[in-house]
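Two complexes come next, and they have one chain in common, chain A, joined by chain B in the first and chain C in the second.
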Partner chain A sequence: MDLSEKFVKGNGTFVDDIHMPGMLYLGFVRSPYPRAKIKKISGGITHKDVNFDIAAVGEGSEEEQTFSSTAHPVLAKDFVGYVGQPVAAVYSTDPYEAEDLIDSVEVDYEPLPGISDPEKAIDFEPINPASKSNVIVDRYFGKEFPDNVGDVVIEGRFVNNRIATNPIEPRGIVTAYDGDKLTIWIGTQSIYSIKSGICEAMHLPAEKVRVIQTDTGGAFGLKGGLFPEYVVAAWLAMKEKRPVKWIETRREHLMASRPGRGAIAKLKLYADRSGKIKGLKGEVLVDNGAFTGGSGEFSPAFIAMQLAGAYHLENAYVRARSVLTNKAPQGPYRGAGRPEAMFFIEKMMDHLADKLKMDPVDLRLKNAAEERYRSPLGFEVEPSKKFLEAAIKETGYRELSKKYNTGFSFLILYHATSGGESARIQVKDGRLKVWIGGNAHGQRHDVFSKTLINEELGVDESLVDFQLGDTDQIPAGIGAWGSRSAMVAGSAVLMAARMLREKVEKKYGKYSLNHLLGEEWDAYHNFEYSKMESSLGVNVVTADVDDLGKVKIRDCISYYDAGRVLDPANAAGQIAGGSVQGISQALYEELAFDEDGQPLTSSISDAGVATADLLPKFTIKYYKSESTLPSKAKGIGEAPTIGVPIALSRALEKAMGREFNETPIRPELLLRETAVQ
Partner chain B sequence: MVENRHISITVNGERKEADVEPRMLLVHFLREIAGSTGTHVGCDTTNCGACTVLLDGRAVKSCTILAVQADRRKITTIEGLSKEPGKMHPVQKSFVDNHGLQCGYCTSGMIISAYWLLKHKKNVSEQEIREAISGNLCRCTGYDNIIMSIKDAEKRMEEEGDTLEEEQAVTVRK
Partner chain C sequence: MNPPRFEYYAPTGIEEIVGLLKKYGDDAKILAGGQSLLPLLKSRVVTIPCLISLSEVRGLSYIDERKDGVHVGAMTVDSDLEFSDIIKKHFPLILDCASQVADPLVRNTGTIGGNISHADPSNDFPSVMLAIGAKFVVQGESGTREISAEDFFVDTFETSMKHDEVLKEIILPYWGSNSYGAYGKFKKGTWNFSVAGVAVQLSMESGKINKAGIAITSMGPKAIKCTEAEKYLAGKKPDDSVLKHAAELIVGASQPSEDQYGSEKYKKEILRRLSIKTMGKAIKMDGGN
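The block that comes next holds the complex of A and B.
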C-alpha cells in the first residue's frame, strides 16, 4: 500500500502501536531539581542495576573526542544535573500502574544552587564534580589580526535560545529478548546509531542486537541518538526476558529530551567604507546542558567554522566554547549549528549595511565569494556571486523591498554527506524490496528511491516495496539527517540498481526487465563518500506588525539550489514545513528556565509550535543545477530553518525600526511606543 | 482502590465492552481495548489534536475524555471514517492526492477535524479552515498542503453528495 494511504487510513505502525503478550511498561523517576546531591534512593531500578553511561552516537558524533568524565549516566549516580534527569525506573504490566509506581520510589536529595545562563555558567562553580571547570570545549579558529583592518566596525551579541524539537510523535521504544538476541523496535533516524549506541553502552556484541525501525512520526534531529531510557528498556527486556515498552510523555520531552539551538555569539565585523568586509572576530558559546553525549561537544566548532557564510572573508579569529549548565544536554534540531552560524553572520551583514547606508543586498553582492576558497575558519566556501545575482532577480527582492518591510537572507548549507550511505535491493517473485541506510521520518525516501530505480532499471514503481530499516536486512548505514539523504542515500540506491543491471548483463549478455524480474537477485551497495558538500539558498520575507504587536507575514519566498529535484512534491513539503519551523523559531519557540534551571515551559503550545491559523503562503523556486553525485541532487531539508528566521527577523527590524538580535523575538518588543501609551 | 466499571462503547459500529478503571482515558480505551491504533497521542495537555475522534458525530480530543464518559456512546475513529471498508473517504483521498501529510502522525486527528468542519459548514474559507484545525498541531507540513487537501475534500464531498449534518448537542456525562 502507498505510504500516504496507509497513514490516512490510520494503518501506520508507530512504536506505541506495538503490543506483545506479557509486555512490561516502563516509567521513570526524574529529578525535580536542577542540581542536587543524591543521598539515598529507595525502590525502583537504579544505577546499581543499570550502571552504564550514554554513548555519543549519531549526527556529528564521529568528529570529536569522547568526554568520559562528563558522560550522561543512564540512571543518576550521586548527583543530578537537570530537572527531568532519569534517577530510577519502575515497571508494571499496566501502563497506568507503572505511572503510579513512580511515586513509590523515594529519593533523598540535597539541593544545590544550579545555573541556567550559559554566560554566567562559565565562572560558576563546576556543576559536575568530575570536571574542574564548566567550560568543556574551548577552541580557537582562524588567526588573530589587527583591529585596524577596516574603517568601520559593527559589533553585537546574537542569541538563538533553546527550543524543543517537538515531533508530534514523542520518543519511544519496544524491546524484546529471546535469551540470545535483543530486538529493538524504534522510531528513529538511524537504526545504526541505536544499535551501536546500545552495544557500546551495554558492552554487547553487534550480532546480539537487532534494531528495526517503526513508522516514525517526525524527528527533526531528536531521534538520531541514544537516550538513557532506551538502555533501561533494553536492560529490563534482557533481565525479565519479556517485551518492554517505554513511551515518552510530552512533559518528559520538554524536560528531558535534547533540545536544539542554545547558542550565543559576541562578534565584531570589520569593513572598509565601500562595504568590503575585512575581518570577523569574537566568540561563540554553546549551552551544552549538564552532560555530554548530545551535540554540545561538537557544535561550537561546527558553528565557528561556518561563520564566513557564503562570503569572501580574509581575516577571522573566533573562540568557540561549550559550557555545562543545569539543563538537559543540547542536541541537534533541524539545521543543528547551521541556522545559528548563518543567523550570526547575516545579522551582522544587515547591520553593517545600515551603518554604511547601503541596501543589504548590495552589501551581500559586494562580498559574495567569486571563487571557491577555504575560509580562515575552516570550511570551504563555494562561489556564490552568480547564485546571488540570480536569486535577487528570481525572488523579486528589489520590487518587494520598495513596497514592503523586506528581509533577505543568504545562506550556505553544508550537507552531512561524509560517511556516504548504503542501500540494498532484493528481487524476488517479480517484485523489488528496497532498504536504505538512513531512516526517513516524513521525507518520503521511498519516492525518490522508486524514481531512481525506475530510471535505471525500467521497473514500474508499483513493483517496488520500500522497507523500513532493519539491521538484519541491511548491515551497515549512517542515518537521515544533515540534508544528506537525497544526495548519498539516493546515490546508494542508484548504485545498487546499477549493480543489479550489471549482474543481469553478466549472466545474459544484456540487460532486460524480464530477466531481472524473472529471477532472484540481491545487491547491496555501500556508497562511500568522504566529502562534505554544500549548496546555496536565499529567503525573502515581507512582513508587517499591527498596532497590537501582531505579526502579519505577507511573503515567504525560498530560492534554493537543490540540484536535481528528485521529488518536487515532497521537496516543496520539506520547504513549507521547514519554513514554518523557521517562522516559529523567530516568533514563538523557546524553552524557558529560571536562573537555577527550573523549566518554565510545560506544554507543547507554550514551547511555541506554530498552529495553522497564523501562517503565510509560501513561494518556492529553484536554481537550476546538478550535484556531482550520482543522484545529482542537493539536500534542502535544513535550508528553510536556516534562512527563514533571519529574513523574517530582518523584515520585522524594518517594520519596527530597531534591531532584533535574538530568537524568539519577544512579543513586548513588537509593540510600538504609540500603541503602548 | 476505586472499583473498575463495566462499559460498552460502539467503536466504528462495533460494540466494545470492558471493565475499566474509572481514570482510563478514552484514547487509551480506543487504542488498547478497541485496537484502534490509528488514534494517536501527542501530548498531555490537550494541545496537539493527534487523538481527535468523533463522539456521537462530534469532533473531540479523546485524551481529555474518560472512557467511562463515553459509555453507551458512539465513536468514529480514522479507521471507521469511510463507509465502505477498504476504501477511502473523500477527505482521506484528498489528503493523499494533495500531499497533506509527511510523517503521518498528526494525520488521523487532522482528517477527523477536517471531516467535522466539512460536515457542518458550506463554502469554507481558507481562514475558516485554518481556525478549524488550529487545535491540531503538525510539525512537518507547514499546514499549506493540509489546507489544500481540505479545500479539495470539500469539492469531492459535494460531488459525491456527502451532505451537511445537523449539529448534535453533545453533553459529556461527568
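The block that comes next holds the complex of A and C.
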C-alpha cells in the first residue's frame, strides 16, 4: 500500500498504536509555577530515583559547548524553572489511572518571582542558582567599524515570538527491557540522537540500546532530540522489566516541549545614498528558557552568522546572546535560526528601500552578491544576483506590485549537510529493503529513494520496501532536519545502489537486474560530507486587509533553487505546507506568557495553527540547477518558513502603510483608523 | 488526555434523567453533543463524577412549524439547523449562525440545546436566542415550565435552570413574513471562538424597521441583549446614520475584557464595525425596499 493511502485510511502504526502485554503507562507531575523552590516531594518517582540530566544534542552540536550547570534535570531537583517542568512521575497499568495518580503526589513549593521577557531577564536575578547571570551565551561576530561608513542608517527592533512546533502527533515513546537490552520505539527525526542521548544521560553502553522508529506524524524539529520524559520511560522499563508507554497530551506539548523562534534583534543597517549597503551592527537575543539542552545555546551564533542574507556585506559587528527565562527550553522549529536571521535582514532591506524611495527589489538587486565570499559574520554567501534577476522575472513581481500590496523576500537557505548521511540496501527474495539514516516524518523520503534506486539499478519501484529507522539495521546516521535529506540521504542511497551495482559487476562481469534480484546482497554506505551547502529562494506574497482587519492573501508564490527536484509532488507538498506555517507565524502563532512566565496559550487553536479555510492558492516554481552532490538535489524543506513570513509581513506593511517588525502581527495593528461601511 | 473516572447513565426517558439529576445533585451533569463538555473532561479542567446522557431519549431532535412558532428539539444538531428549509424560511439568522459555529465536524455532533445550556459567553446560539426572543421549555420534577431567553442566561456557564431541570425544547416565535436576520462573527486568529459576535433579527415594513432583536457574543460574562439599540431601531428607516448610531448603542451594551487577542478598545471597535455590517446584511434581504 502506498504510504499516503496507508495514513489516510488510518493504517499507520504510530507510537501510541503499540500495545504490549503488561504495559505500564507513565504520567508526569509538572510544575504549576514558572519559578519556585521545591521544599518537599511526597510520592511518585523523583530525581532521587532518576538522577540524570539532559545533555545538549542535535543540530548545531558541532560547536558544542558545555552547559552542565544549566543542564535540564530529568526530574526537578531543588527548584523548578518553568510551568510544565517534570517534577515527578507516576505509573499504572491503566492509562486513565496514571493520570489520576498525578494528583496523588504532593509537592511543597515556595514560589519565587519569575521572568518571561528575555530583554528584562538580562538584568534579572539569576533564575538558576548555579548561574551567576541569566546570560548564558555572549559572543561577538565580525568586527567594529565606524558609524560614518554610510550616509543613511536604518534602525529597528525585530521580534519573532515563540511558537509551539505542534505536529499532529505529539511526543511519545514506548520502552521495553529484556534484562540485557533496552528497546525504544519512538516517532523521531533521528533514532541516533535518541540513542546517543539515552546512552549519554543514563551512562549505558551503545550495544545495550536499540531505537526503532515508528510512523512519525510530523516533527518540525521537535523530534530531533532527547526529552526528560524519554529517560524516565527508559529507566522505568529497566527497573520494572515491563514495557512502558508515555504519550504527550496537547496541553503538555504547549507547556513543556521545546518551542521554536523566540528571538529579538536590535540592528542598524548602514548604506550610501545609492542604496549600497555598507555595514550592519547590533545585537541578537535568544529566549533560551530555563535550562540548556534545547537549541538556545547555539541559535544566537547561528542567527548572527547568517545576517548578511544573500547580500554582499563589507562591515558587520553583531553581539549574540542567549538568556535564561522562566519558560521551557527553546528548541529547533522548521528553519531553526534561518527564518529569524532572514526576517531581521530582509525587514531592514525593505525599510531601507522605503527610506531611499526605491523599489525594495531594486535595492536587493543592487546588493545581491555577485561572487561567492565569506561574510564578516562567518557564513559563506553564494553568488545571488543571477538568481534574483530570474526570480523577479519568473514571479511576475513587477506586474503584481503595480496592482497589489506585494511583499518580496530573498532568502539564503543554509542546508545542514555537514555530517553527511548513511543508507543501506538489502536484496533478498527478489525485493529490496532500504534504510536511510535520517528519519522521515512526513516528507516521503521513500519516494526519492525509490526514484534514485530505479535510475541506478533499474529496479521497479514496487519491488522496493522503504524501512523505518532501526539502529540494529543501520548502525550509524545523523537525522532528518535542516533541509538536508534529499541532498545527503539521497546521495547515500544513490551511493549504496552504486555499491550494489559494483558488487554484481564484480561477480558477473556486468550488471543485470536478474543477477541483482536473484541473490542476496547487502550494501551500506556512509556518505561523508563536511561542508554546509546553501541555496537561494524568493517568495512573493500579495495580500489585502478588510475593514475588520482580516487578512486576505491573494498570491503566495515560491521561487526556489531546489537543484534537481527528485519528487515534484512531495516537493510541492513541502513548499505548500511550509508556506502554511509561514503564514501562521506571520499572522497567528504565538506561545504567550504573562510577566512571570505563566503560559496564556492553552489549546492548539489558541497557539494559532492555521486551518485550511484561511489559506490561499500557492504557486510554486523552480530555478533550474543541479547541486554538486550525487543526488543533484538542493534542500527546500525550510525555505517557505523562512521566506513567507517576511513577504506576507511586507505585503501587509504596504496594505496598512506602517511597519510590522514582529511576528505574529497583532490583530489590533491591522485595523485601519477609518472604518469602511 | 484521559478524563477522570465518572459514572455514565443513558436513560430513555426525561423523567429518569430528572430523577438522576436529583439523586446526584451537583455531582451530575447532562451530556448532550459533548462538544464542549468532553474536551473539558479530557483536559481535566473539570471533574464530573456522574454524566447523564440525553442520547437515548427519543424524540428530542426535530424542527417543526407550529402555530406559535418554530419548535426545535434540544438534541437537534447544529448541522440540521444549517440545512433546514423551515429555518431558512423563518429564521435566516439561525441559518447564518449555524453555518459559522465551529467546523462541520463539530456541527454534526454539537446540539443547539447543549450550545445554549452550556451558557459559554463565546457560544454563538445564546445571543441568537436573545435576538429572536426564544423561549425554552425545561422539564423538572414537577413537570415543564417555560423560561424566556432573557431570563435564561444568568452568568458565565450559569443559567436559570434548576439543577434538576433539563432543556427539552426551544420555541422560536414567528417574526412575520417580512423578517430577516444575520449573524456577524469575527474570529480570534485561528480559533472558532470569536473576538465579537452579533445577532441581528429584524422585521421590516415599507422600508422601515418594525421591530429589532439584537444581542452580542463574546462581549461580557454572558450573551448580552442590546435593548437600547433594539428600541432605537424600531420605527426607523435604516439609513447609514441610523445604523451608525445603533452600532454605538450596541457597543454601549458590551463589556469586553482585554486579553492577548486585543484591548477593550479594539474589541469594541470590531463590534462596532461588525454590527454595522451585520445590520446592513439583514436589511439588504428586504427585497430592496
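Keep this in mind: the second predicted complex is superposed on the first by the 674 of 677 C-alpha atoms of A that agree within 3 Å, B and C clash if a C-alpha of one lies under 4 Å from a C-alpha of the other, contacts with A are read in each partner's own complex, and residues count from 1 in each chain.
Operating definition for what follows: a residue touches a chain if its C-beta (ideal position, glycine included) is under 8 Å from a C-beta of that chain, and two chains touch if they have at least 3 such contacts.
In this text the structure is predicted, and so the values were computed from the model without any measurement.
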| item | value |
| --- | --- |
| Which superposed partner A:V152 touches (first chain B, second chain C, both, neither) | neither |
| Touching partner for A:V135 - first (chain B), second (chain C), both, neither | neither |
| Touching partner for A:Y96 - first (chain B), second (chain C), both, neither | both |
| First (chain B), second (chain C), both or neither touched by A:G549 | second |
| Chain B versus chain C, judged by how many residues of chain A each one touches | B |
| Chain B versus chain C as contact partner of A:T216, first or second or both or neither | first |
| Touched partner set for A:T249, first chain B, second chain C, both or neither | both |
| Chain B versus chain C as contact partner of A:L204, first or second or both or neither | neither |
| Chain B versus chain C as contact partner of A:S605, first or second or both or neither | both |
| Partner chain in contact with A:Y588 - chain B first, chain C second, else both or neither | second |
| Intersection of the chain A residues that touch chain B with those that touch chain C | 95-96, 249-251, 605, 609, 611, 614 |
| Residue ranges of chain B in contact with chain A within the complex | 21, 23-24, 28, 31-32, 36-45, 47-48, 50, 77-79, 82, 88, 92-93, 95-96, 99, 101-108, 111, 127, 129-131, 133-147 |
| Residue ranges of chain C in contact with chain A within the complex | 1-5, 43-44, 103, 186, 189-193, 195, 240, 243-244, 259-263, 266, 269-270, 272-274, 276-277, 280 |
| Partner chain B, residues of chain A touching it in the complex | 2-14, 16-17, 19, 95-96, 166-170, 215-218, 220, 247, 249-251, 441-444, 569-570, 572-574, 576-581, 602-605, 609, 611-615, 617-618 |
| Residues of chain A defined as touching chain C within the complex | 95-96, 99-100, 249-251, 547-550, 584, 587-588, 590, 592, 600, 605-606, 608-611, 614, 664, 666-668, 671, 675, 677 |
